[in-house]
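Note that subunit A is present in both complexes that follow, paired respectively with subunit B and with subunit C.
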Partner chain A sequence: MATQVAIPLYDQLSKDFQQRTVVPENEDDTLYNWRRRAFDKFRQQGFPSIRQEDWKYTNLVPYLKEELQTDLPSHDYNEITPETVQKFYINKLEANVLVLVNGELNTSLSSFHGDGDVSIQSINSAADHELYRPYMGKEIDLRHDTLAALNSALFNDGLFIEVRANAVVEKPLHIINLYTSPKNIFLQPRHLIVAHKSAAVSIIETSANINNDAIVWINSVTEVYAEQNAQVNHYVLQSGLVNTREVNHTEVTQHTHSLYNNYTVTLPGADLVRNNLNVNLVESATETHLYGLYLGADHQLIDNHTTVDHRKPNCFSNELYKGVLAGNAKAVFNGKIFVHREAQKTNAFQQNNNLLLSDKAVIDSKPQLEIFADDVKCSHGSTAGQFNNEALFYLRSRGISESSARSLLVSAFAFDVINKIKVGALRSHIEKLINQNLQKWYASK
Partner chain B sequence: MASSTDILTDITEKDYEFGFVTDIEMDIAPAGLSEETIHFISAKKNEPEWLLDWRLKAYKAFQKQSMPHWQNFEMPDIDFQKISYYAAPKQKKQYNSLDEVDPELIATFEKLGIPLSEQKTLAGVAVDAVFDSVSVATTYKGKLKELGIIFCSFSEAVQEHPELVRKYAGSVVPHSDNIFASLNAAVFSDGSFVYIPKGVRCPMELSTYFRINTENTGQFERTLIIADEGAYVSYLEGCTAPRRDENQLHAAVVELIAMENAEIKYSTVQNWYPGDKDGKGGIYNFVTKRGICKGDNAKISWTQVETGSAITWKYPSVILQGDNSEGEFYSVAVTKNKQIADTGTKMHHIGANTRSRIISKGISAGHGQNSYRGLVQVGSNAKNARNFTQCDSLLIGDQCGAHTFPYIESKNSTATIEHEATTSKIGEDQIFYLNQRGIDTEKAVALIVNGYAREVLNQLPMEFAVEAQKLLSITLEGSVG
Partner chain C sequence: MLSIKNLHAGVEGKKILKGINLQVNAGEVHAIMGPNGSGKSSLASVLAGRESYEVTEGDVTLDEKELLEMSPEDRAREGLFLAFQYPVEIPGVSNINFLKTALNEIRSYRSLAPLDAKSFLALTKEKQKLVEFDAKFTNRSLNEGFSGGEKKRNEIFQLAMLEPKLSILDETDSGLDIDALRIVSNGVNRLRTDKNAFIIITHYQRLLEYIVPDFVHVLYDGRIVKSGTKALALELEEKGYDWLKEEAQLQEQV
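Moving on to the complex of A and B:
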């Protein structure tokens, strides 16, 4: 493709893939052929461009200008000590900690290695591919999602978490993603989370770029399967990612009577954050909650694309995304709800609220409904606005300084989402981070 | 009382009531599109050089463009070479009274209930009846003339007011805007032209009835309405078309220009042939409608009731350039059988304190597909811009679809934008409530649908509101969700 020539990474990735002509030892033909099909899709279409509807507001080209290495740095990360890792623990959070360095499971830094209820493996070391074959890439649309296709073709490694049937995991799993590289790097981790029948689990993902000098580009894919009656709480905290650009694709598949809750909180840090969150309701009577909060500052671009695909009857989905934008930040929200003909008695709700704090900030919001069944209740709402002057006046008239009043109102705006977080320690942690940012914003004024 | 499925089948497969063909000798250009066709049209209409040049420029732009692909339906193949681009009733002399008009034409209008003859004219309605592209009769002209209002066909305006046409035509919808607008600019046959001078409040509703008649003739209307400083005008557009088996393309362009303190209200009732119950035939209604609030405190309001056409694809938009200017969009779109509607609006907030309000009500029945697609754009200078959008969809039957694609783009921290959308069917509890009070299901549905669409219907001028209400009940009464 002519337009792709400009992106040096495109050629490099093509070369990388050609080097894979020999089926690696730990992969069989089926996996290899699947990777090849995925790469063909990527090769045909290249990196997404703003001419594609899903990328209309997010131009990747400026983020792909720099030279990026596609090989993982070949050293053993000795400089990362358990003390370093502990800095990223969440205060008072009782959790089983898993540490990933550049997308690979690091067992020596992790404090948890699986037990009777949860099995933890790296995708590569999964002894038997039959274990993940029924899940891997099952719902991802490689034709339309070229970056997910690219990840499928070239992913190196990642986590494979299985929660056994009927296991109710008390302690949340805390996945700490650490990134470090002396040179600009392009990473493609791949994770698979399967909660078997009637299992219940909470997963918390946090991340940090510990070596700030080089650019870390992350193109990750996470697949989550909630089997019949399973419950999955999925928390994603995107903070501490200086010099980072990331596209996260999360593909969720829900079976009957399952519950999936996603909480995505994006804070200032990364240059570019694009979250693609797709939830496929493949069986009836499921429940889904998607909560998002984004605080953008500087020249950040935060783009949340969510899709809820109601394929079967009697499913419930609810989505609430709120955003606060300061500085030159730009945010994109695109929420899609599909209700298929068969999916009668669907209840689907979606809301997106935005607060613009600066005249340079930009919001592009696009909630959309596509409904083919008649016995449904679906609604969506979207707002963009400024501070309520009356509320501000109310606080000011009670002797609260302007900056405190403003920061209070932002906290109140964010509260609707934060309040939904069920893990107390995580909630306080996020509140603390938000307050730090607010102080920074209002102190500089 | 018939069972709900019977009523549903009956209504959703109902034949088009206004399907008949009038036989009048037509002056038709051979099918096909080329520079020659454009020269032919231009010569036929005795147009000045600059207009021909503009048409040719538009034709070049048309050739460069390809069919859009973003719409939410399967685009039918349109062979632009198979369409005849010019059709006019052969008698082209000017009529002084109605007696001179071809009686068959009068009969057609009467069948449609168009108040052409003065006795039948609803009080206060001046009709510029467009019968396949050329204006045949214009009423109330004298009265309007006294006030300095120009209300005539587009071609007449080209001859008599070339300076106005030259200045404003294509200033809101440029010749290269989109493929259908380019096509229109290249081959437009006729249309309406309205100019309201400074400070004049047009005392009556201006109205044009469009009607597509000759087989294979796409109608390429061009309407231009200019309201000078402080002027006010309300313009009505209503359409019915005879039944056809071949699809007919309608690619009109409407441009509205509101100067300082001016107000334009544009209302449409569209009931063209929607095709039979298998979706065969029917009009493609691909229209570009756009208005600009050029001066401060200007106001433009679009109201549309769309019940016809196989495919309705249009987005009446407002460019809010002047400070404190205001844009409104009220729409009811009904789709049944295999009808498709992909409609909505665009509000471009450029000036400070600009306000816009969007109320869109979609009703889908049978296999109908109804999409709302809207853009609210707030620029960085649009301080305190305000938008409110509400789009509701009502689904009747389980084979139809309702879709919403709002785009909200804000670059201003003082702007307030609200969008809400709901989709639901008519509640069984609502029907039950009305049944309980002795109202049968058929009437109950009509009542609920009318109540649902009321907010929009209320915006229509009185005569139109009655027609629109009737149209809605013809289309949907008795449909039980």
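Moving on to the complex of A and C:
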């Protein structure tokens, strides 16, 4: 157990668990028992420490020093008007919009409430109906992931999205996550997304801390299930999160012939972003693409841990993460690929490239391949480099200013990730945000 | 137009240019020849503002403006253009976006409004025709996957687009087959006016049959050791550079 003395939140969470959790009359209440077990795991192990391999480069202690309130603030967010929400719409994006405030579904601000193809519920209401039992927490390894365990024990609320079998959802679902709190707060949203057999859906998550006076700490868990032949495009845009610290756990489970694409774009803003993205290939013949782009600035810490668990034969996975680091930013990339003995004919590829724009920027990049099958194709690579000075001089020699030349080169570096984003309006939106950030970085030069 | 006076420059303490003097006037074409390693590309780099070179002595003016004080981009905006001996491949930056950015930054420096998409396209078409450069190249990444010849032709296309006062062509002929050489030379000849000037760095007088120079200079060991007319190029082709090296060494001993 880490030195939890330094973390006031630890004791508070123990109190919360005792106070909030009503011991059921019926002793075999499985949900209660699951949450109880999850809490025990957290209590035994505490917050992750740098002595754990997976947290070696990311020390949470400095981010957990402050007092953090664990109760949600008062529930009428009257200050958030539809006009406020519209500021977070993406220009020209035709989407069904869901608005979450502090992790809770806000139906009056949302423009979409489900239809024949998609059902939308808050996770707490779903819990009463026990609809989600077959899915909840099925693949998450609570022993190794104490923050996911903590979320499982004490999550506040979140979304339960089901896409019905054979439904091909044309419009993407745009989930706008808004955070606001007058006091420092620790939030634990929990989401479950199930794409049933042969369903197809695109989900876009964006977020913003709209009251950036107080610290918002987010420990979120999202589970995604792609059933047989289902297709899920999952876009996660992490920007606009000033004064925010975030550990974002995504657990994906893929059944046969399913396709899951994840695009995680992290832009300057949050103090700390740690993404745990685990993909479990529990049946054969699946396809997975993981694309990541992170731009770090100031003293930001961006840590992407991904795992692709090839358990069955004939699965294909491809991962490309690219990072651009300025100022004193630090990034961590850890990409695990497991290929089980049974998973013959696996194709698994991984690449992580980094561009360091300052002497003080740091990247710790670590591929980790464990392969127990013999008939597989796997590759991985990792690079870190500075600007190509030849390219910079070439551009400048044509009359292009140094700052434009640098922006062009950063965009060029990011191009093969950005170019993979299939939703045009989202791609333009992200390109615009990147350019705004680049201009900010180079304005001083 | 260009005036180089007693230019000394080097890299990391190593002296490479050891007192270059050269005057180029509007309407002129100067050829610079010389053995490998004599400093031809270094001279081009120093003029274009490559930061790895340190100028230790001398002056360079372009139309009375101090060139050496300017950033590389300002030199380009003042009308200097270097066709690189080894053009750089830049994946992810499209040829067309690059050209548009360059052209509009140069225009803005000269207080001209940016070209709209339509005029830009028209200009691109016109210049492509002028230098017989295939339309297919424009949508690709800058020089990426281009053959040696295509890269050189792209340099001349850029030159045509940016309409510089003074162009320096660093071994643009090397790696070109005879057809490409003719195309490139025709392009340059069409771009020649009495208001611009060219410095053509080459190894071979072959190029100078297509682009006829007004002056030929021989650069050896960081100095211009001989200047003359086109006849000098022919002489060099026949006799090689050894006699010049000997002459230069004799001069040094004196």
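Rule of thumb we're sticking to: the second predicted complex is superposed on the first by the 431 of 445 C-alpha atoms of A that agree within 3 Å, B and C clash if a C-alpha of one lies under 4 Å from a C-alpha of the other, contacts with A are read in each partner's own complex, and residues count from 1 in each chain.
In the analysis below, contacts are C-beta pairs under 8 Å (C-beta built on N, C-alpha and C of every residue); 3 or more make two chains touch, one makes a residue touch a chain.
Since the model is a prediction, treat every value here as computed from it, not as a measurement.
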| item | value |
| --- | --- |
| Partner chain(s) touched by A:399 [first = subunit B, second = subunit C, both, neither] | second |
| Which superposed partner A:409 touches (first subunit B, second subunit C, both, neither) | second |
| Partner contacting more residues of subunit A (subunit B vs subunit C) | B |
| First (subunit B), second (subunit C), both or neither touched by A:370 | first |
| Partner chain in contact with A:391 - subunit B first, subunit C second, else both or neither | second |
| Touch list for subunit A against partner subunit C, complex | 388-391, 393-402, 404-405, 408-409, 411-416 |
| Residues of subunit B that touch subunit A when the two form their complex | 70, 72, 378, 380, 393, 395-425, 481 |
| Parts of subunit A lying in touch with subunit B, wherever the complex brings them together | 53, 341, 344, 354, 356-386 |
| Footprint of subunit A on subunit C - complex, ascending | 48-51, 71-73, 75-77, 81-82, 84, 87-88, 90-93, 97-98, 101-103, 105-106, 109, 141, 158, 162 |
